[in-house]
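One structure, as structure tokens, below. Some questions next.
By written order: A, B, C and D. Residues from 1 in each chain.
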Amino acid sequence: MRKAGAFPRRLLATALAAAALLPLASRAADSLGQVETLPAQPGPHWLWVGDILLRRAAIVDGGTGAFLGQIPGGVGIIAPLRSPDGREIYLAETHYARGTRGARTDLVSVRDAVTLQPVAEVEIPPKRGEHTSWVGGSALSDDGRFAAVANMNPATSLSIVDVAERRFAGEIDTPGCALVYAAGPRRFLSLCGDGTALVVTLDERGAEASKVRTARFFDAQADPVMDKPVRRGGEWLFVSFAGVVHPVDVSGDAVRFGETWRLVADADAGWRTGGMQNLALHAPSGRLYALMNQAEQGAHKAPGTEVWVFDVATRERVQRIALRGPAAAFVAEQAKIEPGGALDWLLQRALPNDGMERIAVTQDDAPLLFAASGFPSTLAVYDARSGAHLRDVREIGIALSLLQLP
Amino acid sequence: MRKAGAFPRRLLATALAAAALLPLASRAADSLGQVETLPAQPGPHWLWVGDILLRRAAIVDGGTGAFLGQIPGGVGIIAPLRSPDGREIYLAETHYARGTRGARTDLVSVRDAVTLQPVAEVEIPPKRGEHTSWVGGSALSDDGRFAAVANMNPATSLSIVDVAERRFAGEIDTPGCALVYAAGPRRFLSLCGDGTALVVTLDERGAEASKVRTARFFDAQADPVMDKPVRRGGEWLFVSFAGVVHPVDVSGDAVRFGETWRLVADADAGWRTGGMQNLALHAPSGRLYALMNQAEQGAHKAPGTEVWVFDVATRERVQRIALRGPAAAFVAEQAKIEPGGALDWLLQRALPNDGMERIAVTQDDAPLLFAASGFPSTLAVYDARSGAHLRDVREIGIALSLLQLP
Amino acid sequence: MAQRNGGDVDGWLETASRRLARTTSRRGFLGRIGAALFGAAALPLLPVARAAAQPSRAPSAPESGDPASCDYWRYCAVDGFLSACCGGTHTSCPPGTQMSTVTWIGTCRNPVDGKDYLISYNDCCGSTYCGRCFCNRNEDDRPVYQPGKANDINWCMGTPTTAYSSTVALVLGVATDGK
Amino acid sequence: MAQRNGGDVDGWLETASRRLARTTSRRGFLGRIGAALFGAAALPLLPVARAAAQPSRAPSAPESGDPASCDYWRYCAVDGFLSACCGGTHTSCPPGTQMSTVTWIGTCRNPVDGKDYLISYNDCCGSTYCGRCFCNRNEDDRPVYQPGKANDINWCMGTPTTAYSSTVALVLGVATDGK
């Protein structure tokens, strides 16, 4: 296809002949230096996809499978937060001056959501915690004013950043409690080892206005709740190791605990909710999606082979979605076998289904269900209503982590 | 196997009960805080193995397949240099304050070769070049006093570090020339685009004592030499795209060019030397190992399916070693199939052999030949004399790069 | 391109591909990076035990098994790359790392004497991921808000940096409590 | 475990496994990271062309083909992840990156008009590896000491950082020289 080398060789024979290029280059057809931007608001089917080894969060459009861009992170958790107006992205980052050694800097960076370029950063105490699920590592207050970063070194605290003023607002100790979830305009919630929650309210400057331990709402010894809840408006839903749903209402002045209910009926004995990110919720319809497995040990972490769909209002299971296996998806990707064909069908039968580790659901009227596996890194897209498999997003990364709506 | 939870649950019931552990811990059997060290001198079969994504150079013992340790690097080339007395390891590193953005720092770090712990660092200008092969990015003068780092931004120069005094000694411009190879007690050699070499000699303080362009020793247009030479004592051997060996003698005051000879006889038409690191040399026996392929285009980079062994003295090919394919080795590793068995034999037949990208040879009397592929990451070990396949080193990395003797 | 259904494939290739798929997805190299990056097990709320402050006195436990295998008895609650595969041993960290001073404790039954031992899973820190012999046994693992038992936490604390490399499993002593 | 030799395996599975192996080793995801991390092609000795200083005037070349495929005509000397698969296009970088101002030039024949065009392979910099659509076409690639033609060099120069993400292929104009 290419005409070999007469041009460059002649040029090379003329030492330092860069100037000779200019007459040619003056005929340039394509503009130089162009860089894409994103729409002002995220699309209905967008998803952030984290990657531990590539150290990034990528934006993918589940509706098309397109890869739209990425933001790099540092060491540890990479979990972007978006401002309520959609214009900015906040990211807690940790960096060492020499990669794995040297001075440590923790910060919350601010990026323009349209250009994905960094526009500001706010340094915070170098105490940020790191855990595998990447859920609950940071949160933005509902009014969009303050970001909270969960510290653990191993003492636990929150670093508060005033994102509007680009200012570190202070550190709030959270002894015995860890992680952080948004719980009101200026309020955050942490989970505590004794089965309570800690409710931290900020004042106008982001300092601690109050810090209240709730009553115990779960049995921390017999059946603790998993640390990967989902939120619907003013209500968080936590699910316990045994599959009990614990609603936590953060809409009022006082945090209230709703009536618990069970995901797993007696007839479903042997099934458990599990995985690194095992819940998703479609707020408009009130459908709760739970990743389910039949593992004999460590079920709360085991990957899931099915997603069970519940109507939060009726507490009834309304659907079971069988997930395609990650190994077959990975092989199909590598061999460029399209889903739906005979070879794909054979792969799904021939290869074991080890289950998926994470799920997410978009919030539009035609919602998509995402299911991801870290290793091999696969991202499958389903119709969240029918459960039909729509596509696998190819070449999505090396070591997938957090799925997060933008 | 494990007795479940009575102990921890009871402890948990006693809040903040860490102190309760001490009576138990006082029976501790294993010492705490122990960290291994390496022998004072490298073993005869050791190899550094670089990894682009894990950002490290790992030490592997090819004789046993053991993984002995690793040193982390920064962005770009990771190519450790060892002091002549064996006691220290020097590594040129590049770091950005924010991972992929922020202030850039280039440095030469000094590590203790026994503990692998960093003991010093010398900052250099933030100009270090980056290229894929990782060969020729830095060099240590033969007397062990000065490290030279090849810069390209895109102007080319050398940063000189006095490793004894832990001091940046200065920068020496190398216009029109790039990369760096050791060429005497206080001398380095760079290759130039016009077919010459640049010989840089340092004074006692590491400043430029002289800088001399040699005569043209290869035709830079018609048949350039590849930038991945090997050294035997005072002689470097460069091989051209067409397989012509260009000996460069750096043992005397003046650099001299030896008589050229061919690796590929007319009868071997279609074979070329190629790959990211395509030469190795066993100095005691004077055997040159060349990675060979039959690619139709880009042969100088194409992976090799054979290693041809030449006697440098007689210039005769004395052996051909057929390399096992990386795909089969990768599958065998993943499926835990041992080399030599029936399944392994079948895999080698069933899967295509895409060739290996890099080779290295140890310098002892029972030398090993290493052959590596970056993707999938596989490292095979052969008897360098018989050509017999000895083992594959399992789980060696994600994205293998430079192979280097310690 | 597909002429036969899955039931007809040759036994050996199916076996190999199943093994490949299984090991690739869970135990293969990629699986060993970060499926859970770190380790953990027993212990109470904060403050967690500071292992480095604890004395070493008693004779070691009687041993059997392969410390480079996930099945080794001490690894009943490990979650990470085995130091024994990374240039260290099951009780010592690889060269160039530092052993974490904060740790989490598991209780594992020794098959040789049938006794339960307290095991301290100390992380080896300050280098990059080792990437070899990833083991994850989640028995009795708890959420992150119960940190002393949460094996999802990066326990490279008390070390110069939090960069995680691999994990050791030290016998602290016989678990005499509550059995 | 092996009952048959390699020649007896079922056609479809052999085909699939060969395709798997081939793509895994050269074109699969891992293969797209760093087999050669960067790109390059034509041009003389230093100083290399500073693309950002060059004007944009002529009409674009007539087009056919898929800019997200390695076979696309402009990619005759590309070496890197295609920007078109990474949130950009074949002529624009993905959001959050910067286009390098120093570049290397290739000469590719356009199948539509049969003419040779000068192609500028500018890297998109300042982010992590994109990791998608790795393409490496080494025709007329030269050693690093001939940097204007060396596709092994990280050409993220003149940008705030040298972190490489992906690569575009800009038409500079018709190659009228020496043909």
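Annotations for the structure displayed:
Simple rule for what comes next: a contact is a pair of C-beta atoms (placed from the backbone, for glycine too) under 8 Å apart; a residue touches a chain by one contact, two chains touch by 3 or more.
These numbers come from a predicted model, not from an experiment.
The chain pair with the larger count of C-beta pairs in contact, out of B-C and A-C, is B-C. Note: the chain lying farthest from chain C is D, by mean C-alpha position.
Look at where the CA atoms of chain A average out and do the same for chain B: the two points lie 38 Å apart. As a whole-number value, the distance joining the C-alpha centres of chain B and chain C reads 31 Å.
Inter-chain centre distance (chain C to chain D, centres taken as mean C-alpha positions): 41 Å. Computed centre separation for the pair chain A/chain C is 26 angstrom, with centres defined by C-alpha atoms. Residue positions 1-2, 9, 12-14, 17, 24, 28, 30, 33, 45-48, 127-128, 139, 146, 163 of chain C are each in touch with at least two other chains. In chain A, 12, 15-16, 53, 55, 72, 75, 99-102, 176, 193-194, 220, 331, 343, 346, 350, 377, 398 are the positions where the chain touches two or more neighbouring chains simultaneously. Residues 1-8, 10-12, 14-18, 20-22, 24-38, 54-56, 59, 67-72, 111, 114-117, 331, 333-337, 343, 346-347, 350, 377, 394-395, 397-398 of chain B are the ones that touch chain C when the two sit in their complex. Residues 12-13, 16, 19-20, 23-24, 28-30, 32-33, 41-49, 51-52, 54-61, 73, 76-77, 85-89, 91-99, 101, 105-109, 111, 116, 118, 120, 122, 124, 127-133, 139-140, 146, 148-149, 163, 165, 170-179 of chain D touch chain A in their complex. Against chain A, the residues of chain B that register as touching in their complex are 9, 12-13, 15, 53, 55, 72-75, 93, 95, 97-102, 105, 109, 118, 121, 176, 193-194, 220-221, 398. For chain C in complex with chain A, the touching residues are 1-2, 5-6, 9, 14, 17-18, 21-22, 24-26, 28, 30-31, 33-38, 45-48, 102, 126-128, 137-139, 141-147, 150, 152-154, 157, 160-163.
Residues of chain B that touch chain D in their complex: 52-53, 75-76, 94, 96, 99-102, 104, 129-133, 136, 152-156, 175-179, 190-194, 220, 224-227, 276, 297-298, 300-302, 326-328, 330-331, 341-343, 345-346, 349-352, 354, 357, 373-377, 398-399, 401.
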